[in-house]
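Below you'll find the structures, each written out as structure tokens.
Okay, so chain A shows up in both of these, paired with chain B first and chain C after.
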Partner chain A sequence: MSYVKSLRCKECHTDYALGPLTVCDNDFGPLEVAYDYEAMKGKVTRASIEAGPRSLWRYKDLLPIEGEPKAGFNSGFTPLIKADRLAAELGVKELYIKDDSANYPSFSYKDRVVSVALTKAIEFGFDTVGCASTGNLAHSVAAHAAAAGLRAFVMIPDDLEEGKVVGSLVFGPRMVKIKGNYDDVNRLCSQIADKYNWAIVNVNLRPYYTEGAKTHGFEIAEQMGWRLPQHTVSPVAGGTILPKIYKAYKEFITLGLVEDNSPKIYGAQADGCNPVVKALREGQELFHPQKPNTIAKSIAIGNPADGYYVIQDIKESGGWGESASDQEILDAVKLLARTEGIFTEPAGGTTLACTIKLIQSGKIPRDESICVCITGNGLKTVEVMQGQFATSPAINAKMSEFNELVSQLEETHTTPSPRPTPTA
Partner chain B sequence: MPKITNKSWLTFEGGRQNEPCLWKMATRFPGVMFDIRQASVQKDIGIMAVLFEGEEDEVKAAQEYLKEQGVRVDPVEGGSNVAG
Partner chain C sequence: MSDTVTVRIPSALRPQIGDQESLDVAGGTVGEVLGSLNTQYPDFGKRLYKGENEINRFINIYVNDEDIRFMENLQTPLKPGDEVSIVPAIAGG
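Showing the complex of A and B:
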């Protein structure tokens, strides 16, 4: 049974019947899925969720689908890692990494939103799906569409990392490279959605698509033992995931599944594309669109569709926003890899770099629980790490040369400290 | 030329929020009806949700005129143009 009531305007709260709609006719406010939480009480429980599949579909009752899932059967339920070595390095007590670099099948958080969007696309009878993408979404749409037997059009800026381009093309989508940045691509996709009867997942299926991002937050809560981190740091690109993590926390609180500990949400952006952080710093409700210039291309969105709501939710929760330079981002990628064995893309480096700055500035206390949301995999963007490491020349297969090299490597590399003993 | 309705976000920055850009557009393109559905203005930025209605080429020309005045015109996602 579905607990979905309607699509509801976030501004004027007008209700609409479910369909491939995205904005309110009255004020053009975005539509969001509304649920019957009263009907869920006593039925959607910790036990009912734990009895579900080890995928994002264990939260099916809190997602806007009518029947059974039709895509993304193995997506979600990614690791939540208690990052004790990184915590020791940063001088904080309790630190978690929610690691969507291990998401299936395309190694980013986008597998969550696409699983829900493609299920809805099939429910609505679409045979063609598409997206405007900074890379990860194209990768995910292409992979899920291939598995579901749907025709796919993926629209991307023409300067994307090769790993993301090839990683998408292998699934056989029709790829359209567009001269310009993501905002130019998105603008065109709005017009495409008007003209063609396609399901552009982050345009005309946006209300359903964004709901998939809640599962990132649901999993954090469940995997922490049905409690919420006091501080959650999320990247901000188009503004999908941060408000949905916050919505997920609020839904679990409403249903009595977790205690309300007033969780605070923080937004992370690159210095070269920080419209939301800039608005927060200036105390503004509205943000100025920017022209992105950063190595963190997957979050290089200068005019975020849901940026206004990111600002609202950060303020409501008592959180804050921070941005990081390209070098800080690269340093954070290396730090996460060196301490926890996780290779994230620059977007993840941005989130960690901003977390460090929020801790250092005292915005996040060192003695409270912190969760860093890692949303993408570094193997897709290896080119940005080139030149960051010294490599040794090749040696002949002789022990004498090996012995000499070992001595040199010992001088240039630090020996890692052992993993701290877990505390109760 | 067919009639259309068009939903757009207008962003006024760099002093444009203090100028009567829409009034100037209306005097130049009297055949284009516009309806402000939502607006938010701060000291250095203003955003409006505006419904335009008229003959397609006139609506496009009116929006081009706004862009020439320094107003950013973005389509409302997933439903900017509706054939009338």
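Showing the complex of A and C:
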């Protein structure tokens, strides 16, 4: 049984029957899935969720599918790390990393949204799925489509990292490289969706697709022991995940599954593509689009269609936005790797770099719980890290050469401090 | 050479405009072209505009594939043969 009521326009609240629709006929406002929370009370409980599978489908009652899941059986339920070594380095009390770089099967948060979108595509009877992507979504759509036996078209900018291109191609999708940036790809995709009867997951299945992002927030709350972090920092690209983490927190509060601690949400962008952060700084409700220029290609979206809602939710929650330079992003990638053993892509570096700046500026207090949302894996974007490390020459298999090298490496590498004893 | 520009209409707005995929319209700026469509097809205009001179924020307008917000918005000048595309804003990533 499903608790889904309708698709509802976020602007004028007109209700529509469930279908592959994406915008309201009246005002072009985005459609969002509406649920019957009253009917869930007493039925969707901590115990009912804990009894579910160790995947994002444990939150099936809060997702817009009608029958059983048809894709992503092993996606989600990624680690939540209590990052004590990083916390000590940053001088904060309680810090968590929600690590979707370990998501299955394609190592980014996109496995969440695609699991839901492909289940809906199959429910609606589509045989072809597609997406406009900065790389991670293409990777995820291609992988899930292969497993589900669907034909896939993935549309990407022509300048993506090799890891993301090969990581998608291996699954056999029809890949279309488009000259231009993501915003050009996205515009073309909305015209393609208009003409071809395909399930383009982030276009005509967008209301369902975006709901999958809530599971990132549900997991944070459950894995923290059914409570919410006081401060959550999320990357902002097209503007899907941040509002959905916030929605997830609000749904758990509505259902009485967590205490309402007025959670604050913060948006992280790269300096070279920060339309939302700029609008927040300038006190604007609407952002002005930008031409992206950053190494954080997976979040290089200059015209985020949900940017308006990101700005609204950040303001409503009492959070803020920050952006980081390319060097700050690379330094944060290295810091996370060095302190917690997690290798994220530049988007994750952006989120951590912005968290650090928000702590340093006092926007995020040092003595309250903080969660950093890491949404992608660094092994897909290794080329950006080239030249970032001291490398040593190859040696002959002789102990004398090894002994000499050991002393050299002691000079170029710092010795890590032990993991601190948890205080909380 | 014709002195009109071609306006491409998304499927969601076609019912309000006689089910046409594109129209040839005269006008020297984006605002003039869309304004004349607004006069001719008020139901279309009601969805395209928010208030008098502001485009609905969920709709993006492109001239020859460039977003008019990178140019002069509704004042962006047009020359005969230009293509104006009306595209609903769609999120992704």
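The working rule: the second predicted complex is superposed on the first by the 423 of 424 C-alpha atoms of A that agree within 3 Å, B and C clash if a C-alpha of one lies under 4 Å from a C-alpha of the other, contacts with A are read in each partner's own complex, and residues count from 1 in each chain.
Everything below uses one rule, namely that contacts are C-beta pairs under 8 Å (C-beta built on N, C-alpha and C of every residue); 3 or more make two chains touch, one makes a residue touch a chain.
Just so it is clear, the model here is predicted, and its values are computed rather than measured.
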Contacts of A:S133 with chain B and chain C, given as first, second, both or neither: second
Partner chain in contact with A:G239 - chain B first, chain C second, else both or neither: second
Which of chain B and chain C A:D184 touches, first, second, both or neither: second
Touched partner set for A:A117, first chain B, second chain C, both or neither: neither
Residues of chain A touched, compared between chain B and chain C (which is higher): C
Contacts of A:N26 with chain B and chain C, given as first, second, both or neither: both
Which superposed partner A:P304 touches (first chain B, second chain C, both, neither): second
Which of chain B and chain C A:I295 touches, first, second, both or neither: neither
Which superposed partner A:A221 touches (first chain B, second chain C, both, neither): neither
Touching partner for A:V333 - first (chain B), second (chain C), both, neither: neither
Chain A positions touched by chain B in one structure and by chain C in the second: 11, 22-23, 26-29, 186-187, 190-191, 193-194, 203, 206, 286, 288-289, 303, 305
Partner chain C, residues of chain A touching it in the complex: 11, 22-23, 25-30, 110, 131-134, 136-137, 182-184, 186-187, 189-191, 193-194, 202-203, 206, 210, 237-240, 286, 288-289, 291, 298-299, 301, 303-306, 308
List of chain B residues in touch with chain A within their complex: 7, 9, 11, 13, 37-38, 40, 42, 44-47, 49, 72, 74-82
Interfacial residue positions of chain A with respect to chain B in the complex: 11, 20-23, 26-29, 186-187, 190-191, 193-194, 200, 203-204, 206, 284-289, 303, 305
Interfacial residue positions of chain C with respect to chain A in the complex: 10-12, 47, 50, 56-60, 62, 65, 67, 69-70, 85, 87-93
